[in-house]
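What follows is a group of structures, each given as structure tokens.
Same chain, two partners: chain A is paired with chain B first, then with chain C.
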Partner chain A sequence: MTANTHPAYSRRAILETISRLWAWLFLLGMVVFFSIAGNGFLTPFNLQAILANMAILTIIALGQTYVIISGGIDLSVGWVMGMAAVISATIMNSWPESTPMWLIVVSGLVVGLIAAWIAGLVNGVLIARLNVPPFIATLGMFGIARGIGFLLSGGMPVPIYVKGLGFLGNGFLFYYHPTAGWSFLTPPAGLVQSDLRNMTGYFPFIVIVMLVMLLLAHIVLSRTTFGLHTYAIGGNKEAAMRAGIPVARRTAAIYMLSATFAAIAGLLYNVRFTNGAANAGEAMLLDTVAAVVIGGASLFGGAGTVIGTLIGALIISVLANGLVILRVNPFWQFIAVGIVIIIAVLIDQAREKFAQE
Partner chain B sequence: MNQPSVQSEPILRAVNLVKRFGGLTAVNDVSFDIYAGEVVALAGDNGAGKSTLIKMISGVYRPDGGHVYLDGKEITMASPLEARGLGIETIYQDLALCENLDATVNIFLGREPTMRLFGVFKQVDRAHMLAESTKVLNRLDIHIPNLRRPIRQMSGGQRQAVAIARALYWNARLVIMDEPTAALGVPEQRKVHELVGALKRQNVPVLLISHNLQDIFAVSDRIIVMRRGQKVGDMRTAQVTDDDLVAMMVGST
Partner chain C sequence: MSYKRLRTPIWIVVLTLLLLALGACTAVAPAAPAPAAEAPAEAAAEAPAGDAPTVALIYGVRGDGFYVTMEAGARAKAEELGVELIADGPAQFDPVLQVPILDAIIAQQPDAICIAATERTALIEPMRRAHDAGIHMFSVDTYIGDTSGDYNVEDLNWMFSYIGSDNVEGGEIGCSAIIDAMGGSGKFYISTTQPGVSTVDQRVEGCQNAIEATNGAVELVGLDYNNNNSSRAAEQTAAVLASHPDLGGIFGTNLFSARGAAQAVANAGLTGAVRVANFDAPEDAIQALREEVVDIVIAQLPYEMGQVCVDYAVAAINGDLDAIQRRYPTGYTIITRDNVDTTEAQQAIYKSE
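Take a look at the complex of A and B:
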């Protein structure tokens, strides 16, 4: 390398690095901006609230990540989540009052999962065996799950009458009260109603569930053959088939995985809001695809990561939270997220050009 | 050209192969042998039956008549995957690589080595894949600077090298190459010629389909000529000229 070419070379390296890390930088920039401009953004309470509010979105987006990396798309996630939420809620309501909490929750989860797996299996078989384009197959399931959810719930949200369920969905691992001190899992004993206002919780359960899901999804995608095959199928399906990868089986499994995450998200919605609504996941389709794409996945398949999706979900959630704190009309959120998606795709294309050169 | 020594057993022996499509006999009673370390070019005009013949050996088509022997044992293949299992590797024109993945993953795709992670997950053993990939590429005398780069960022010659390394690593008994230089520039074509030479040095026979006479004369030891479904020539490359070959291909002798 001569001294002459060096500056241009390093400038390209810098551009390359920026294009790779832009999502992190964007997130950091937003956090700094909202911390300065917004009152009460940078508090433990608010940051926890951001994480708790993004849990459902993030978990569904994990499934969407696998699907998009494999070269498909799952349009049905939001309504499969709603359908699972309605079914779980109905089952949880059907137990007598003396039933232990864990049994109620597990039964709700299992039944929700079974319902979602049927939806995921149908998606998978249509796409993998009958060669229906993912867009069409999951669009069909979008309508079917939506209809089933509304039919089962009579078009109304299903309130869940299980005592203590809301605590599970909105509880924390640790509690702190200025006078009563720290406590684990339950609020400090002996506090009267008026004292509870001064109490702070740390580590919401729902955030812990999200983190566990993130970790599992990350390990499977980045380290196992299943994850590797997901990338291979998205990169070159024909080559994957010739290499002996059971492409149809893997593809079906990927759509079932997506449905699994949707069912888990449905149950989290149940315990957080103590009701199950067919339209609980109405906003999820756009937001999950946005999170995955902002996270660097390609809609043509073959690229994407769980960490990227996490950043995408963080950007969407921080944006939503920050705009509320700045008292901006919430409809601006849609515009802001839309702009970020377009920027993400443009940067991705520019990066591809760098790599080709 | 070095003559393959007189060997008792050919690696591959095709006997009286026939393939019909309706009333058309695409391959009519074709027999040939391929010996270890030999590069055999399959020449012929469009529609001469080259591809059909190859597809019967790579497991895509079932012959309507005739037999295929590998290492002296008769084989039948229901799919290309089965043919690969037996050691017949076909390198297609498009190379069948996942361009979003790196060279090591492509070499091991579908047969990834794993190790236990926390006793639960079967983790892909990337270190093993890298070490083995480096070894096999060294055997082929190929030096790719960074094996962890996606194939997308590699040159045409490097991609071909990865495809060939994959075949060699999995102990191919016979490598079939379908128009390997069709989409390549001149320097890259030379790379492919070197790669064929490297396979030959590993004693792996290569069956090469090509339209390109330069290819054929640069790398092959023997040429089999097809015309209208029949074998019309089988001779040492050193003993023919371009003109002879073209004459045989078009049938104007």
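Take a look at the complex of A and C:
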């Protein structure tokens, strides 16, 4: 009897391991491949550029992670981000020139957050109290936020005239030059352009913000009752209700959390691109869902992690960067991401099936 | 039960194959380009001195005949001057997609970059980042900042040059021609792509100048953003035709806009009654011109833009700064049914291959 159950058990263990590790292995394989085949891929500049360029996507995807784990979906994130970006940009422009930078940025964040929270609250109330399916409710908000964003901006991206703001979104904590050495916050003085070729920045601010957000989202999801309730609601809503979890209130809070991350992403767009565009997040909706799903979350709810989402976002961004470096037509990127999503779901299905037997 | 379990390893097989495929790729690759990635700082210091200089062209959107023609011009010039050209661009005309491509190009340390920025403000900081990496920067087709392409200002003087059409002039020429064809009066509609793109904003401005010059004889009944989507442009134009059946002329500010607008005019059976100007001259705009769907095609000179930018880039690399003008306006060729078969008009058509 032991001889009979053992191989099956170990096969199951292998499958479990694969389902947990395949995304890491895939990512590693890609990085190794691009490093060898692509000139300039494995450089401090490029690796940091990949991280900086994925920051906005990752932060929206964090909110999407909570929503998908709770068994819902938030289609409105991209446009809520755009709406928040337009509102933040408008507020930041309204300050007199002598205003300290932190005040300008904080005011932009607060106003963007308030706008996003209204959107998140409407989503949450529709879904949790009025039983509108998440797909429909957030599709409605998709249109509303899009319209408001374009109305407030007059259809034009709102340029932000705050001096030095672009530095926050594009600057580095440290700069290193082989002869001039290290410098903090600004490039070493007195370098001419040919010297600049050898200079490298380290720790882009935007990446630091992304890491802090990742850490917060991870801790809340894995260490708090709110996180536990998120899994419980997605796993089995009825059971969660019977267990005394305030399902409606938690669900509303999850959609507000998603909107919060969207507003923060909007502010990052503001500082990185020095404007606020209503369509800032247009290209991101599908990528956020893809990142979450590649990361092992189930669209039926109850499964998923923040670290998984990070891997998903990394895979998408490394692909985007590596394919450019290899001069591959960027349309292949859509196909590659599509294939990775399907593999992710297949692996998940196989594991589910095994677990049931 | 054990029979069922036999099926699951298929996924393991699929995965193993995938990893093997990846492994195979990595195993084959090291032969040629491996050493370059090792020590970027040192390698970069030597690159400009040793090999032929590299110029990168980053265009606004892939597959657009305009940029294909620009790349052809750049490539011809690069071959003539003995420099290496790399060219790439995003799948959509969107700064969020273009900036990662710019960063990936910077990582490869070309000597100069010619870029058609997809947004006026969004690309400033990323392009400054390229400049800070020691790369000579040029704008082609579109400019950055809000000085209408004037790079002699403090914040933008690190840009070498802006090479592109004067789009205000282009919009004005095109719309004047349409207004003439309308007999100097009537209702007018503009279909444009999306706000914040310097070139199309200026075409609209030029067109509005032409309309204002009629002192009210021509009335602008609408201006819509179609997001570079022909079917959206067709929908919007159909709606305008429904509310203004007496519409006299339409200005489509780029190929997608004009294609959609012309489609709607044809669907409404108003071909010939509504004059359509098509900014940009891809082959199917010329086809539409021959079929009398479109009446005027305003051709920019993307081939020349590509040529001039590579020429300037090489001048900058060689330190020959006197050869570079801060602003190089490329001209226009106006194509109508009367001159479409002339050599001049034929040369101005954007070739998609």
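Everything that follows uses one rule, which is that the second predicted complex is superposed on the first by the 332 of 357 C-alpha atoms of A that agree within 3 Å, B and C clash if a C-alpha of one lies under 4 Å from a C-alpha of the other, contacts with A are read in each partner's own complex, and residues count from 1 in each chain.
One rule holds for everything that comes next: contacts are C-beta pairs under 8 Å (C-beta built on N, C-alpha and C of every residue); 3 or more make two chains touch, one makes a residue touch a chain.
Small disclaimer: the values here were computed from a predicted structure and weren't measured.
A.B. asks: So if we stack both complexes on chain A, do chain B and chain C clash, or do they fit?
C.D. replies: Because the two structures are overlaid on the shared chain, the partners are seen to fit without clashing.
A.B. asks: Which of the two partners, first being chain B and second being chain C, lies in contact with A:261: first, second, both, or neither?
C.D. replies: Neither partner.
A.B. asks: Could you say whether A:284 touches chain B, chain C, both of them, or neither, answering first, second, both or neither?
C.D. replies: second
A.B. asks: Which partner, chain B or chain C, is in contact with more residues of chain A?
C.D. replies: In the superposed model, C touches more residues of chain A.
A.B. asks: With both complexes superposed on chain A, which partner does A:205 reach: first (chain B), second (chain C), both or neither?
C.D. replies: Once the two structures are laid over each other on A, A:205 reaches no partner at all.
A.B. asks: Using the touch definition from the top, say if A:234 reaches chain B (first), chain C (second), both or neither.
C.D. replies: After superposition on chain A, A:234 lies in contact with chain B alone.
A.B. asks: Regarding the shared-chain residue A:243, is it in contact with chain B (first), chain C (second), both, or neither?
C.D. replies: first
A.B. asks: Looking at the overlay, what does A:117 touch: chain B (first), chain C (second), both, or neither?
C.D. replies: neither
A.B. asks: Looking at the overlay, what does A:35 touch: chain B (first), chain C (second), both, or neither?
C.D. replies: Second partner only, chain C.
A.B. asks: Taking the superposition as given, does A:350 touch the first partner, chain B, the second, chain C, both, or neither?
C.D. replies: In the superposition, A:350 touches chain C alone.
A.B. asks: When the two complexes are placed on top of each other via chain A, what is the minimal CA separation of chain B and chain C in Å?
C.D. replies: So the smallest C-alpha gap separating chain B from chain C comes to 16 Å.
A.B. asks: Just to be sure I follow: which residues of chain A are touched by chain B in one complex and then by chain C in the other one?
C.D. replies: none
A.B. asks: So in the complex, the part of chain A that touches chain B is made up of which residues?
C.D. replies: Going through chain A, the ones touching chain B are 219-220, 223-225, 227-228, 231-232, 234-236, 238-240, 242-245, 302-303, 355-356.
A.B. asks: Show which residues of chain B lie in contact with chain A when the two form their complex.
C.D. replies: Touching chain A: residues 80-81, 84, 92, 94, 96-101, 105, 109-112, 114, 117, 121-124, 150, 152-153 of chain B.
A.B. asks: Applying the document's contact rule, which stretches of chain A touch chain C when the two form their complex?
C.D. replies: Residue list for chain A touching chain C: 4, 8, 11, 14-15, 18, 22, 25-26, 29-30, 32-33, 35-46, 49-50, 52-53, 56, 154-157, 159-160, 166, 169-170, 178, 187, 193-200, 272-275, 277, 279-280, 282-284, 317, 320-321, 324-325, 327, 329-331, 333-334, 343, 346-347, 350, 353-354, 357.
A.B. asks: Please name which positions on chain C make contact with chain A in the complex.
C.D. replies: Those in contact with chain A are residues 1-2, 4-5, 8-9, 11-12, 14-15, 18-19, 22-23, 25-26, 29-30, 33-34, 36-37, 40-41, 44-45, 48, 62, 86, 88-92, 94-97, 99-101, 103-109, 119-126, 128-129, 131-135, 146, 194-196, 225, 227.
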